């Protein structure tokens, strides 16, 4: 097996057993990048020098017998909206094209502490707004399964990097599906953790009450490995969970699904859902049943209002979070202006892409409309109601299964306009963000035209261990080889 | 409810953005769509849900202790115009 | 037709914390531009705020000392607007659930106690400072002040005269100072005041159009600005032109000596308030509130009364002491160390005040209270004359030395007994035989003349009482 085909867990073993050096690993990955990156365009910045330097440092430590971190030598790609000290962090926007953060995001600090090797920053939809990575100001990332199709978004670059074997692991962010959908499109494992499990300090904010950083990986076990490193209370993030969390997923990941009660909501399987995806999800449910789980078809009142609340909350928060970009302290600054007001207006108008401008306008309108006072509270109530309803469901069931996307990956430039599909697509993902629940997308099948299909496994608050258990069992049962060796 | 261009222009001013007339027209339609979302929210049955912020009674505080971010040069490395250690901007008339 | 003046004040006071409200940068005044900044208060992408516990404690203290209702649950909201001194383009403040509601301050004016109600007290972060240079086409921004915690105290429009408004502010300042909530130094900006003023026909119930006055930098400016605006509005009312009074903001221009209409900052006062999603609601338990209430120290008014009854000092003197927290605490300390209240009071209101006036604001009195007490006992023991003591005190103040050290170094000693006095007096008597004869022949003034000569000969070092006694003996 080639180095870039190995899972992170296998790489870790090899490094600890001195079968591979960190230098070997980094070298292999950069050779792979040199081979496929021009086709995939997953990266905005490559950290070649720093990666080799870090590899050398870790190899020295190992030679001296000094203990090294859990992720020692493992090359990891980071979505370009996560701040890395001294490395350009652009959010795929002209607004931050030359922005070099003077500090590390907390998750980056944790990666460094565990000796992970950051090999580059990945492409995304500008400021995480979008679901195809076509909204990047710099380049369009291609789907490793079909270079004429989108990798999904907004974390398309990270998903494509793992999917094209250009990174062993990757970090992305999910506000309304931005990890799960690209994971599904690229045939990799993507997890959105429970809101508050992973610190947001250093994640350039889009919608503060919905954003979460999460892992991309080739395998379920790798996902758990990376989550264990990045999760945990952060004193710098008031919204990060301060209670007790599970710190060891590995000890229970192989427990199997015997006796697990799994729900299949009927509302998710309706017109607009691609029939192959529908079948794939049903087949996975059957497999889980074979392994001892109990599958129930239930009705969960997932309503329209969830979407309304999502659009209101996310655009309002975004309009406020993005107001700081005015060219004065950092970021894009227009060249010709008459006064400071002009400077601010021009810098913002020229620095932001059309989708970002659209969302800021919508959010500003929502907050200013005079309706907000009344409707913001209603949106919050709706969130609370949704949380309570899901809680009721998880009182009876351990997990919920659903499709991730209603469609297979679409062609670049050909975004689906079918309102039913768009509606379903949102339904599968945004309600989960609203409720703050954890959810994973894992590959379960390949379509007739050789495109990956993902399954979404939704868990209760801080129930990532349950998700890992079911996903691991399913993965082993399916025993799929989704490695895109030839691109 | 019909949204006209003047509303869009007002919002653009609030958001410190400048839109072309064509874009403004298009945006007006989008604003109308957002209002339908509000309507939908209005229709939801939420009478039995109470928001009183008591769901999270453990406030998050930090201690009143100071620390210094030493590398000021790094902190301001992205500023395009500095004068001494101050940020320089076109003259503001208050 | 008679009219009444209606005034409400909006006060911002910087809270006396070590670090800023949402990050651990120092709040110290006077540092070079941008010395106290970090990614968080600069609002760099990805940064998040975390609430400083002490801010809430001090806000509750303020509310408790101002008779407010303390809300166990309050929340932080974003006030969105663009201005170069506001890095995040929103200020984290409190909109509809502030830390404290209601409250009041009593002021003594025209011989009666007037209750001035408060509307609320809330916490918020301060913005940066803009520096405009006359001759340059640019402005400079210093973000040191961004994130310094403020309490905003809003009064109801209960004030009915300019004098009352000034007195209200003084009283409020005093309370905040005494409770250690804020330094309240208007010249440093740790106490700021905006005023709202309107006029209406006496007896009318409704409030009329009010004008907001900003840029008030001192108590004097508050007095002047309000008087000017009051005059302007009253005149318009008198001539039936009150429709000309529009709701606007005016800027006090001390150079011009009047309130100048501000160029309207683009209409938008649309702040689009919404709860800050990066912060959790602020919850304080009843126990915590109780604990803070119990930690309150004596209020200025109560201290004033106590000074008068316990130390038997006059009202005017007590007022001067109370008005300056430095003086009152100095007085109390000196008295607590065993000093004589009357003597200490004289020194404070006399020499100390004189020396303090010459200095720019200082944080503490450079003469330790025990040292003043020591000086006073040295006078009583006759070791130094009261005239000399004034000079000694000045040296103590300026050089920070103890009384004994100054006396030794500068040679201030009073000669009270012994050969030295004898010698000096004998010499004087020898040199002034005519005066001695005059005295002995009944001219009593001669005694005074001789005393004068003795003081002169001894360069004032002789203890007059002792010298008098010895002279009397010698002349018998």
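We just call them A, B and C in the order they show up, numbering each chain from 1.
Basically, contacts are C-beta pairs under 8 Å (C-beta built on N, C-alpha and C of every residue); 3 or more make two chains touch, one makes a residue touch a chain.
Just so it is clear, the structure is predicted and the values come from calculations on it, not from any experiment.
Visitor: With chain centres defined as mean CA positions, report which chain is farthest from chain B.
Guide: Comparing chain centres, C lies farthest from chain B.
Visitor: Pick the chain whose C-alpha centre of mass, unweighted, sits closest to the average of all protein C-alpha coordinates shown.
Guide: Central by C-alpha mean position: chain B.
Visitor: For chain A versus chain C, what separation do you get between their C-alpha means, in angstrom?
Guide: That gives a centre separation of 56 Å.
Visitor: Averaged over CA atoms, how far is the centre of chain A from the centre of chain B? Could you give it in whole Å?
Guide: So the centroids are 24 Å from each other.
Visitor: Round to the nearest whole Å and give the separation of the Cα centres of chain B and chain C.
Guide: Result: the chain centres lie 39 Å from each other.
Visitor: Provide the list of chain C residues touching at least two other chains, using ranges where the numbers run on.
Guide: 39, 42, 50-51, 82, 84, 139, 141, 270, 272, 279-280
Visitor: In chain A, which residues are in touch with two or more of the other chains?
Guide: 99, 102, 235, 238, 323, 326, 328-330, 340, 344, 364, 368
Visitor: Among the residues of chain B, which are close enough to touch at least two other chains?
Guide: 14, 16, 58, 60, 62, 75-76, 87, 89-92, in rising order.
Visitor: Hey, which residues of chain C end up touching chain B in the complex?
Guide: 17-19, 24-26, 32-35, 37-39, 42, 50-56, 73, 75, 82, 84, 97, 130-132, 136-143, 262-263, 266, 268, 270, 272, 279-284
Visitor: Note which residues of chain B are touching chain C in the complex, please.
Guide: Residue list for chain B touching chain C: 13-14, 16, 52-54, 56-69, 72, 75-76, 83-94.
Visitor: Which bits of chain A are touching chain B when the two form their complex?
Guide: Touch list, chain A to chain B: 98-100, 102, 235, 238, 242, 303-305, 307-309, 311-312, 315, 319, 323, 326-331, 333, 337, 339-341, 343-346, 348-349, 352, 357-358, 360-362, 364-366, 368-369, 371, 375, 377-382, 384-385, 388.
Visitor: Across the complex, what residues on chain C touch chain A?
Guide: That would be residues 39, 42-51, 78, 80, 82, 84, 87-90, 139, 141, 270, 272, 274-275, 277-280 of chain C.
Visitor: Using the touch rule from the top, collect the residues of chain B that touch chain A in their complex.
Guide: Touch residues, chain B against chain A: 7-8, 11-12, 14-19, 27, 30-31, 34-35, 37-38, 40-44, 46, 49-51, 55, 58, 60, 62, 71, 74-80, 87, 89-92.
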